[in-house]
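In what follows, a single structure is set out as structure tokens and then discussed.
The first chain written gets the first letter, and so on, giving A, B, C and D; residue counts start at 1 in each chain.
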Amino acid sequence: MSVLVDDDTRVIVQGITGGEGKFHAEQMIEYGTNVVAGAVPGKGGQEVDGVPVYDTVEGAAREEDADASVIFVPPAFAGDAVFEALDAPIDLAVAITEGIPTQDMAKVNKRLGEVDTRLIGPNCPGIITPGEAKLGILPGNIFSSGNVGLVSRSGTLTYQVVDNLTDRGLGQTTAIGIGGDPIIGTDFVDALELFEADEDTEAVAMCGEIGGEDEEQAAKYIAEHMDTPVAGFIAGRTAPPGKRMGHAGAIVSGSGTGTAESKINALNDAGVPVGDTPEEVADHIEDLL
Amino acid sequence: MKLHEYQAKQVFADAGIPTPAAELAESVDEVLAAAEDIGYPVAVKAQVQVGGRGKAGGIKLVENDDEAREAAEDILGMDLKGIHVDRVLVEEAVDFTNELYVGVTMDRGEGKPVAMVSTRGGVNIEEVAEEDPDAIVREHVDPAFGMHPYQARKAVYEAGVDRAVANDVASVLRTLYQLWESRDGSDAEINPLMVTADDEVIAADAVMNIDEDALFRQPELAEMEDESAGGDALEQKADEYGFDYVRLDGNVGIIGNGAGLVMTTLDLVDHYGGSPANFLDVGGGAKAERIANALDMVFSDDNVDSVVFNIFGGITRGDEVARGINEALEQFDEIPKPVVVRLAGTNWEEGLEILNEDLVTVEQTLEDAVQRAVEYAEEVEA
Amino acid sequence: MSVLVDDDTRVIVQGITGGEGKFHAEQMIEYGTNVVAGAVPGKGGQEVDGVPVYDTVEGAAREEDADASVIFVPPAFAGDAVFEALDAPIDLAVAITEGIPTQDMAKVNKRLGEVDTRLIGPNCPGIITPGEAKLGILPGNIFSSGNVGLVSRSGTLTYQVVDNLTDRGLGQTTAIGIGGDPIIGTDFVDALELFEADEDTEAVAMCGEIGGEDEEQAAKYIAEHMDTPVAGFIAGRTAPPGKRMGHAGAIVSGSGTGTAESKINALNDAGVPVGDTPEEVADHIEDLL
Amino acid sequence: MKLHEYQAKQVFADAGIPTPAAELAESVDEVLAAAEDIGYPVAVKAQVQVGGRGKAGGIKLVENDDEAREAAEDILGMDLKGIHVDRVLVEEAVDFTNELYVGVTMDRGEGKPVAMVSTRGGVNIEEVAEEDPDAIVREHVDPAFGMHPYQARKAVYEAGVDRAVANDVASVLRTLYQLWESRDGSDAEINPLMVTADDEVIAADAVMNIDEDALFRQPELAEMEDESAGGDALEQKADEYGFDYVRLDGNVGIIGNGAGLVMTTLDLVDHYGGSPANFLDVGGGAKAERIANALDMVFSDDNVDSVVFNIFGGITRGDEVARGINEALEQFDEIPKPVVVRLAGTNWEEGLEILNEDLVTVEQTLEDAVQRAVEYAEEVEA
């Protein structure tokens, strides 16, 4: 079992004719993902690695009966691409693009409240169900199938934690990179809900970072609604206030909200052990299983 | 990206928000000429982007040429919280009976814009927010519709703004929202919005921060960024290279790929008793040259005693990283600062084969690499 | 019984300090309507005929526990006033104003889909439950209490039909003027649903006119969902295509949609007798009871 | 309010939509000068707001001065479906390989804007809509968000527009939507949007109708309305008085209050064998002077043989109406056309008391009043 994606998921790649889109479409196909179409305005009728390209997401979804879309579109056009995916409609949109203007995402966020499509990202590595499907840019080879769910605001930190897990034989049901932007489609609570409902997920590793209050809300959700045990990690303990640490969302505000301390305390209060190092997260997960 | 006060005021004034008469000056003579134009009393205000300018002596109210000259001499060239002052705004001193606060920002928790109004303007609004949150009225805005006129009025009346100026304040707030929206603001603020004895409202200060990710469609504002250059030389250099870079106080230089992983590396340096000198994220898929640039940058920071390189390859390839490190280091007769490298993920084995191990120390795990770099730094300092 | 308004309805008047607002607030109060507040920006704290005025609708609704609002605000500001009412929130907003730009109403229409507030109008005479409450500008004296529901796109035509009904002792449960604009909050189908659900309404008189397809949709609804009998009237049989007959919505398009003929046929097909004169509508209602 | 072709094209061109080179001309000499500037061949197009100008001889393509002179002489001063032509647009003749249609209007059934694209441009689009509805692709727009770029592309691709020009057509459509929105359009259309042999798109005709109710915030366009005056003299007069007025073919003049009731009165005139001469709604709450103006207007229509006045007072008061009727009629030695009055609702009894029954015929019911007016008209005609 898994959440959101598996080997039945029929995937569109938006931006499949671009450098990044083409490269990762190939990687996804190689991993076994069922990539059924590309969508690029003006490129309808072409093929990329045997995948038919359509001018519109709606056309791709209709003709190829797709249910998910991965978005590799430059930031200036990515907000529009997400809207196109939401309105196609499809069930799941995964926006990899980094650097989408925040006001574009606020509009997307409004639209998300009106449709049934789930959005993951933007500015995220994507989602993978090991051995079945990956939608995004995660390096498939470090993942292994198992019973640990993983949700993270970060890309490479995710890989680090997965590496630590896989090293000691702790495979994953599904790993979700929710992204490092201030406004994202799927947040920790959404992802934790999915793992809680998944029969095969027996523990969840959650990698947060400074900025916002998502982790605090997740802690509340865990305390109130989760039976599945969770172990956590929070990056950015040493980040000074007012400085954006790479991710647009990773910033401790001048008024002191969004600190690692607040998040770690909230998680601890919810009974979630938080590792000081990625290695320790794997330790905790091992203990919880 | 932050606009200077004088830039933000220009943007606000162009949109119809009343601002005091003002001129920018870069020399004592220019200050005097400006004061002459405007008429005493005027305020002489340092144009640097640090909080608490007033307390630090960066704003002076002057009544005549002598005072203006003295203020200009004091402020121009001064070092304000580490930033050199090379421009001042000479501004009409406004008599006020009341100071309000209006602001617009993104409420990331709600994922929507929020407009704020308070009758407690003229002081640090973050302190007000902490001490007396109810003193700030918040009105969320639906980004699809924009701010309805009634919302501006509602916020103003709820905040208890005097009815005599309520309509004008509501109009300023709505204009501020429209600016924030059309100019891709991250924060827009007027603090204080002064109310004069004859019920005029006037923006006595102006804050306008722009979403960096949206600068591509705000060419006019992007231009202002070049103008407003100043601040840390290394951070400017990082900007040119396109690195996400933050300078810190410590002595262990840190380079990695991906914000979360680099932050984690910083945290581990701290965890193992060291002190991070910087945050440097080379981003995804960095090529050799970019890696060499990153190393070059960190070396040029005098505070740095050792460097830890932490790459977990997804789209970044270990062989490219190794090539970049070799490139950067092979130009030196003697490696200036010890470098510890940890490569994982895509092509890490190829990377390690390429890497010139005479020049760097290789560690297999993140934890080992950080510990080794901390030890090196301690040795240098000892 | 009645629909939407009765003597418990607590009413706000938006624009109560303006000429029209003040006049009709007085008329409403005189009729027995429970007018509890006015709302006019900048006039908070004043009183009009003993009714307290607030700066905002939200303030008026909160302080006076109001559940409905009647809007007498000039067209340039009326769209905003409707939004303010929808967001207050209150249960029922009645917009009397004529001449609101259509694009403002399209935005209002979008918002109506997101809130629970019902809007009647704009460009309408309002709603009246005889002997209990009137919200709007209808002349109270021609109405009488009874068991006929009335819904109409027009003002004075409504009075004409009511006069014909009242003349022969056929009183009304509630009369709703839905308004003559192209985009309105409550349409025929909405009003018919309310009357169908009302126990006391034993027949419905429906006065349509040329333009749009509301009457055709109403006919479909009547055929499929209504047990309560309906009699109809359609104004504008002699209107030439392309000319706007007073109401912004009363226009037969160049392509021939919105004709009286189409509406009359649709109603007849749904078993609804359509009078050639207002008098005949009263005849039909008498027959149906 | 309809803009003239030349006005709409100017609005479109200002927004960046390509339009042919063109000049407005009001005399034969101006036509020749314009043709000289632009270069032959040019089209000479009557600027009147009627459909089917081309078929009616209002558009001519000319190759040289002689043809241009002849066309100008024919068209300037001609009567096109009842409208006098006093201006022509002299326009570059565009060679095209394809004619498209793009338009934006309000879908009142959905209560939201709809954008339309068809590859069957250059013909009556309403006929296309009837015969082959699928030939027009419709894309509804959420008015809060406006038209997303993807929606314009989607409509264009779905309509089967050639991929070589699809992006440009999508861009024109999006600009057209933005204009329609920002200028309070009721309909905006380009038919045909021509595609040239080298894949340029160009708006060969332009329709822009403005929502009358929004003219208060479109001062620039409201100005154009005065310019574009023309058409029925009585309808212009009604505009000045602020009446909702439509002139018809019959001989029974009709005055009433409220659109639905006046329409009903028209219908009843027809029902009882008469023929309505006009629709005239005095609106709500009309005072005596307004009533007198209305009567004056209807009298001045030569087609009118009798007049029926039907007032059901809500906010309109019967006594005011009676006073206005008396005022209008007492100025005549002899009443020019028989007037039938029916008063009901607010103050109808006071009205009947005031009304000078020597000058009018009073009836109690709508049906009786209409029948009487029809009889009078028949008597006049007989």
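Operating definition for what follows: a residue touches a chain if its C-beta (ideal position, glycine included) is under 8 Å from a C-beta of that chain, and two chains touch if they have at least 3 such contacts.
Since we're looking at a predicted model, the values are computed, not measured.
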#### Entry: Winner on C-beta contact pairs when B-C is weighed against C-D
C-D
## Note on the structure
Note: chain D sits from chain B at a C-alpha centroid distance in Å of 56
### Task
Using mean C-alpha positions as chain centres, tell me how far chain A is from chain C in Å, no decimals.
49
### Task
Express in whole angstrom the distance between the two chain centres, defined as the mean CA positions of chain C and chain D.
28
### Query
Mind pulling the chain B residues that touch 2 or more other chains?
142, 144-145
## Note on the structure
For chain C, residue numbers touching 2 or more other chains are 107, 111
### Task
Classify the chain contact graph as line, ring, star, complete or other.
other
### Message
Residue numbers of chain C touching chain D in their complex, please.
### Response
75-76, 99-107, 109-111, 125, 137-139, 142, 152-160, 163, 180, 182-183, 207, 209-213, 233, 235-240, 243-250, 254-255, 260, 276-279
### Query
Quick one: in the complex, what on chain D touches chain A?
145, 148-150, 153-154, 157-158, 163, 166-167
### Summary
Given the complex, residues on chain A that touch chain D span 41-42, 44, 55-59, 77, 80-81, 83-84, 87, 107, 111
### Query
Along chain B, where are the residues that touch chain A in the complex?
51, 106, 108-109, 111-113, 126, 129-130, 142-144, 181, 184, 186, 211-214, 216-217, 244, 246, 248, 256-264, 266-271, 276, 279, 281, 284, 312-315, 344-346, 365-367
### Query
Mind pulling up the chain B residues that touch chain D in the complex?
142, 144-145
